[in-house]
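Below is one structure; the comments refer to it alone.
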Amino acid sequence: MGSLQLKSIRKTYGTHEVLKGIDLEVKDGEFVIFVGPSGCGKSTLLRSIAGLEDVTSGAVVINGRDETLTPPAKRGIAMVFQSYALYPHLTVKDNMGLGLKQAGTAKDEIDKRVSKASGMLSLEPYLARRPAELSGGQRQRVAIGRAIVREPELFLFDEPLSNLDAALRVQTRLEIARLHRSLKATMIYVTHDQVEAMTLADKIVVLNAGAIEQIGSPMELYNRPANVFVAGFIGSPQMNFIAGDKVGDHSAKTIGVRPEHMTLSREQGTWAAKVVHVEHLGADTIIYLESDQCGLLTARLFGEHQYEPDEIVHATPDQAHVHRFDADDRAIR
Amino acid sequence: MGSLQLKSIRKTYGTHEVLKGIDLEVKDGEFVIFVGPSGCGKSTLLRSIAGLEDVTSGAVVINGRDETLTPPAKRGIAMVFQSYALYPHLTVKDNMGLGLKQAGTAKDEIDKRVSKASGMLSLEPYLARRPAELSGGQRQRVAIGRAIVREPELFLFDEPLSNLDAALRVQTRLEIARLHRSLKATMIYVTHDQVEAMTLADKIVVLNAGAIEQIGSPMELYNRPANVFVAGFIGSPQMNFIAGDKVGDHSAKTIGVRPEHMTLSREQGTWAAKVVHVEHLGADTIIYLESDQCGLLTARLFGEHQYEPDEIVHATPDQAHVHRFDADDRAIR
Amino acid sequence: MSQTDNAADIVPIKRPVRWHIFVFMLPAVIVYSAVMVLPLIETLRLSLYNMVDGQPAFVGLANFKVLFGDPRWAHDFWNALVNNLIFFVIHMCVQNPIGVALAALLSVPKLRGVAFYRTAMFLPTLLSFVIVGFIWKLILSPIWGVAPWMLDLVGLKFLFAPWLGKPGSALIAVSLISNWQYIGIPMMLIYAALLSIPEEVIEAAECDGITGWAQFWKIKLPLILPAIGIISILTFVGNFNAFDLIYTVQGALAGPDMSTDILGTLLYRTFFGFQLQLGDRSMGATIATVMFLIILAGVSLYLFVIQRRMRRYQF
Amino acid sequence: MSKARTSLIRTGLVHLALSAYTLVALFPVFLTIVNSFKDRASIFREPLMIPTPSTFSLVGYQTVLGQGDFATYFQNSFIVTIVAILLVLLFGAMAAFALSEYRFRGNTLLGLYMAIGIMIPIRLGTVAILQGMVAAGLVNTLTALVLVYTAQGIPLAIFILSEFMRTVSDDLKNAGRIDGLSEYAIFFRLVLPLVRPAMATVAVFTMIPIWNDLWFPLILAPAEATKTVTLGSQIFIGQFVTNWNAVLAALSLAILPILVLYVIFSRQLIRGITSGAVK
Amino acid sequence: ADVTLTVESWRNDDLQIWQEKIIPAFEAKNPGIKIVFSPTAPTEYNASLNAKLDAGSAGDIITCRPFDASLELFNKKQLVDITSLPGMENFSPVAKAAWSTDDGKSTFCVPMASVIHGFIYNKDAFDKLGISIPKTEDEFFAALDKIKADGTYIPLAMGTKDLWEAATMGYQNIGPNYWKGEEGREALIAGKQKLTDADWVKPYEELAKWKPYLGDGFEAQTYSDSQNLFTLGRAAIYPAGSWEISLFNTQAQFKMGAFPPPVPKAGDTGYISDHPDIGVALNAKSKHAEEAKKFLSWVASPEFADIYANSLPGFFSLNSNPVKMSDPLAQEFVSWRGPYKSTVRSTYQILSRGKPNLENETWVESANVINGTDTPAVAAEKLQKGLDSWYKPAK
């Protein structure tokens, strides 16, 4: 009732292979997030699932049926776009109702569903407005509402929050989480926002250059990244990597330590380093260090801390949280 | 050599008063950031300083001279726009040099300054390109370069980073900080990004509905917000406010506790609450609580913590960090 | 671009025929082909035929040989071509710069009454050439005397001359009338282009000290160059197809002494005949073909040489 | 000098220049209309005077309205212009949509083919067109005119509209596809309403030559019942006419409706050209 | 049902007369036939008529331009041979010449009217200045001088802007006196004379002398300007065609008279241009040929001639049966037919068949001569050269 299987999906534009054989299984009710650097193929993959893009080879199986050639409207999916893609000439209500009307749904059924969805999203006061008269957050909620009324088995989101400002983003993120819990629908979500990925996903798919690097729950990726790419990609500020002979006794090609797993001391520690720059965020403090031994390091401390540029400090990694990687950049477990 | 004084600046559009008498003093070499909700008048204020907007009353004093009626070009300022506003038909080099050329600066002097600025911003490889051939981050650097070459006493930035993606934003932010240190020029910067404001500013000006709510260093605002508005605006996730009779023995109308100043315990504490939602960010965990006593609460814990929705926990505020507000929402010190 | 179908030719999987494309294209293609293209082809085809012994016969390029080889045809043709070029140059030098100037004035921020000015200045463009020709003939008429009377007002009566009647000035006078009529088009297009320059770029220029004239020359003009390019090519195509105005103002013989004869009038006279002169379809078609080639050459030059070098700026 | 004063002077100069050209643009029209209300002698003697009670005369209008059936002419012109505009907009928009939205073999070629029409005046095809119309039995019907004007307007319409349609966001159309809208529904319900300003642009650019055309009404539909206003008023400007009252009255009458049509479209027009296509 | 016949014409001025007089008269006598008069502006008439004939959509009755324009239509079998149409016997061969084949065997249009050239003058002005009608060239210029000296009136109302005024009202008006009417014209066609001969250059020399007597800015003066100048009483003499009469009658507020082109010397034979101008023919594609022939026969009848000539004074019937006209000015024009020898315009028959077109060239050169752009000799030379380039007279 909302499962998805991708079987070695490939997609080429001309000679450029954008998706290099993607295999993925999404179970009913799961919240799956695609992350990856810009241009890695996240949107292309999502659009292939929607049927907006014809795949070059492979199969898209929804609920056990091969839907590779089915047009988007018949796949039982709904999609929310980064640009909202609201119909600018229609009111909020008609925006939500258009798809149903097109499908010949009875008028009172449409009204019922629209009012249910707009209740869920607190959109009642705006039903008669047009998109231009709404704020960004309201528009995004309408776009979500338009997806909800269709009662799809599969929701697709392509960076739905990236046009919102920080405060709204937090709020809408929570709303989506709530929605997922209450609708129990399967959701596939593209983002390049760390926080969104970590907080929303049941399962994160890390893509890189058209191929999957790792699939796992957020904490799995955070705690046990499969390779240097994933380790560097998940977590902000980025993990510190120390390579080659500075590694010490870890029997690895490269080791990685997250900034939050560094402790600083004025007296002693593993690496001596000079403070380059300090950012006070109130709740935490980020300290940029330069050490002769292993180059630039970042440390993140909880709460407020006073360090001055050019001060010499000692950084010590938390041994329980040191990640080790081999010569192929793969994690050593 | 770069000081600015605003004397009760007022600005009305028709009957709508956008700036309600702004007084502000900026010292030479300071980095001042304007923050505030959307539409509060940040851009209008900045543009009034630039001379792009005629103020309705009040005076703009730059370096001790009243420049209220001086056209923008003569104020010795440079401005960087959110949309970059590069001249699309000119190369990077000409974009930077055009203002100087117009002012009749000698050609070798122009070349010197352009090459110095482009060195500072690592723009050398792109000097012959046009804006359309640059990435967003590079464009923003060119916009900054165009400001630098004019060697202004006062830099104005209007949300210069908001069109960049997260990673580039961090990087460009660091660059601007470095620039401020090396140029020692006065900078006025508009943003609604918390992190930018906290990390870059010497002094933050919090605006609300055309008036100044508080002026202070980032840590001052974080630790001693003057009122409920500032307290709620600075810091993310937002401060928890507990109002009325639930306040307890704090002799205040409202108290505020930041999420990071909450401790949770399964056994005991000040407020019993049910876990509503948990966000695992890896480095920290955000827990959303619902308490009968004081409504929704947010707590932020460093590191990973396991709490399940519907679990009952006890939240305790860190007494040293409780903010108290009176009936007028003003802080009680 | 995200077409749903761009992979159609690489995917071996058989996809359904997209009938809707046919449905969308069909009405336009049918009407356009049947009513416009086929008749035009028929006309151009005529340039390869001529009457031989009272029967239409294929004569190859003989008609072109006559047009360029026979001194009279050649004289008329080159005369028309030269006049046409002058006509075009005057449009480029008068109509378009004035159009740009008016647009620049209209786009001055916070100006009142812009809508009125715009409509008023666009009004001549709406008028039929019948009206335009008639009005201007009256105004410039030495008999009716509006123009001389007005010149008299400012003490410049001696400047007045029967411009439309003198071989030296008739072409210029007619061109100026045409400029008056069509100035609305460049004005509107440039106005639109100017409005689409983002305000922040202009403000950046203000901060940079580039104001007033310098701002127009260094910032705005380069940014509206693509629009000016479009206008130039529209003017070119329009001028080489022009005919109506000269026909109404100066008659089919484009007097005085053929000094206002342009390709359009030559073609019309030849193709349809005039007074005692009988229409010569074949030679008319020959001229039409040459005109078509000239226009095609101009448009190609624009598309492949000029427009390539000109960027459309992304802001 | 104070900034306020400088800008006041500048604005004044701008107004001066614009008013000056407005005068140039309007003066001839003004002259026509004013003189159409005067008697013949004063048209000639004092062309620049506005009508006074002693020179006021409606004889021109009486002649015009009495001579031909101008009500019918107006009706014909309106029918032809409006139906042709509608067809040009519909067919042009459909083709523009197909050309800009879908990639298919021959797309570019078809686009070029449709563009040729901008370069050759359709008038050259008169004879073949007329023969076709005779064969179809459409001579002296408004249908013939509508067909010709539709064909004539389509190339420019496609050119302008396809530029605009490229600016309609793909996401929007895709949202429609996911919502279950057919390609036709996407065109009619989403794209068409969104390119309304462009449609106004096309409408004005199409309308001017149609309304003012003399040639095809003359050739294809010269019958009394199908005469258009322009053709009707041309009757007064023949080689042997000096009836200036009638001529000026006819001209004044012919200016009005096109002005009305223009005003109807103009708000959209300026929005249309400013939002991108024709630049 | 009634049969409707459509009449194609360039005479849009006559619309009212057709509707009010001619058509009712015909329809009253021929129940079952309806006539629709459908005029086109004269400038577009030929082009649109040809297109319509080619396509087969032209009206049943075609109004004929004289000579080659119509002959071409006949040769293309677009007009029906009506040599034996009842009523054609009412016309002399001369009258039919403009619409007959070169050999005169077939006629394809019913002649309707001819127009006569001459000068119309403002009688009040002549009376005031004490000028009498000039009979000779010298008297003509003396009169002009006198008017000019007085300064109240523009001596001659003519402009060169529209070109054809200079040719038709100037050159073709005074020319026959010099080239001796038909004699010269036929010699030219036969190739025995050339346009560069003195007889043909002389009219240009006379024309060149007109320039000082024309109004200010005559170069841009249009035909209707000239008409207005004269009818508003601002000019004394108007080089005219008789077709002006009805219009002038309605518009001029003063008394008018007319005189034929002055002869070079007293006692010379006078010639006038009495030019067949308008005829009607039957479209070969007409679906109602029988009815149309009925109509044509009626046009050939004295009844039509009477209606037409009297409703349109200045268009003189070509019918052999004399028509009684009531308009004095018209009577004046037609009264010249006896004492003066009639001729047709020199360029109309045969000589304008090729390219360059002699008639069009004559327009241009006549204007050039008056404007001073070309000298008479140069103009004549150009014309002859153009003619030589295609016209090979049968020897």
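Each chain gets a letter, A, B, C, D and E, in the order it is written, and its residues are counted from 1.
Basically, contacts are C-beta pairs under 8 Å (C-beta built on N, C-alpha and C of every residue); 3 or more make two chains touch, one makes a residue touch a chain.
Heads up on the chains, UniProt names are A, B = ATP-binding cassette domain-containing protein; C = Raffinose/stachyose/melibiose transport system permease protein; D = Carbohydrate ABC transporter permease.
Everything quoted here is computed from the prediction, not taken from an experiment.
Enquirer: Quick one: point me to the chain whose Cα centre is farthest from that of chain A.
Expert: It is E whose centre lies farthest from that of chain A.
Enquirer: If I rank A-D and D-E by number of C-beta contact pairs, which comes first?
Expert: When the contacts at A-D and D-E are counted, D-E has more.
Enquirer: CA centre of chain B versus CA centre of chain C: separation in Å?
Expert: 54
Enquirer: Distance from the CA centroid of chain A to that of chain E, rounded to the nearest Å?
Expert: Centre separation, chain A to chain E: 91 Å.
Enquirer: Counting only Cα atoms for the centres, state how far chain B is from chain D in Å.
Expert: 53
Enquirer: I'd like the Å distance between the centres of chain C and chain E, where a centre is the mean of that chain's Cα atoms.
Expert: 38
Enquirer: Quick one: which residues in chain B touch 2 or more of the other chains?
Expert: 71
Enquirer: Could you pull out the residues of chain E that touch at least 2 other chains?
Expert: If we look for residues of chain E contacting two or more partner chains, we find 43, 51, 228.
Enquirer: Identify all positions of chain C at which a residue touches two or more other chains, and write them in rising order.
Expert: As it turns out, chain C has residues touching two or more other chains at 2, 4-6, 8, 144.
Enquirer: In the complex formed with chain B, which residues of chain A make contact?
Expert: Residues 38, 165-167, 170, 174, 177-178, 192-195, 198-199, 218-219, 222-223, 234-237, 258-260, 277, 279-284, 300, 302-304.
Enquirer: What part of chain A is in contact with chain D in the complex they form?
Expert: These residues of chain A touch chain D: 47, 50, 52, 71-74, 77-79, 81-89, 98-99, 102-103, 146, 150.
Enquirer: Quick check on the complex: what are the chain D residues that touch chain A?
Expert: Going by the criterion above, the answer is residues 169, 171-172, 174-182, 185, 189-190, 193-194.
Enquirer: Note which residues of chain D are touching chain E in the complex, please.
Expert: On the chain D side, the touching residues are 40-41, 44, 67, 126-127, 130-131, 133-134, 139-140, 214-215, 218-220, 222-224, 234-235, 237-242, 244.
Enquirer: What residues on chain C touch chain D, complex-wise?
Expert: Going through chain C, the ones touching chain D are 1-6, 8-9, 18, 20-21, 23-25, 27-29, 31-32, 34-40, 42-43, 98, 102, 105-106, 108, 111, 113, 115-132, 134-136, 138-139, 144-146, 149, 180, 183, 188-189, 191-193, 195-196, 224, 226-227, 230, 237, 241, 243-244, 264, 267, 271, 281, 285, 288, 292, 295-296, 299, 312.
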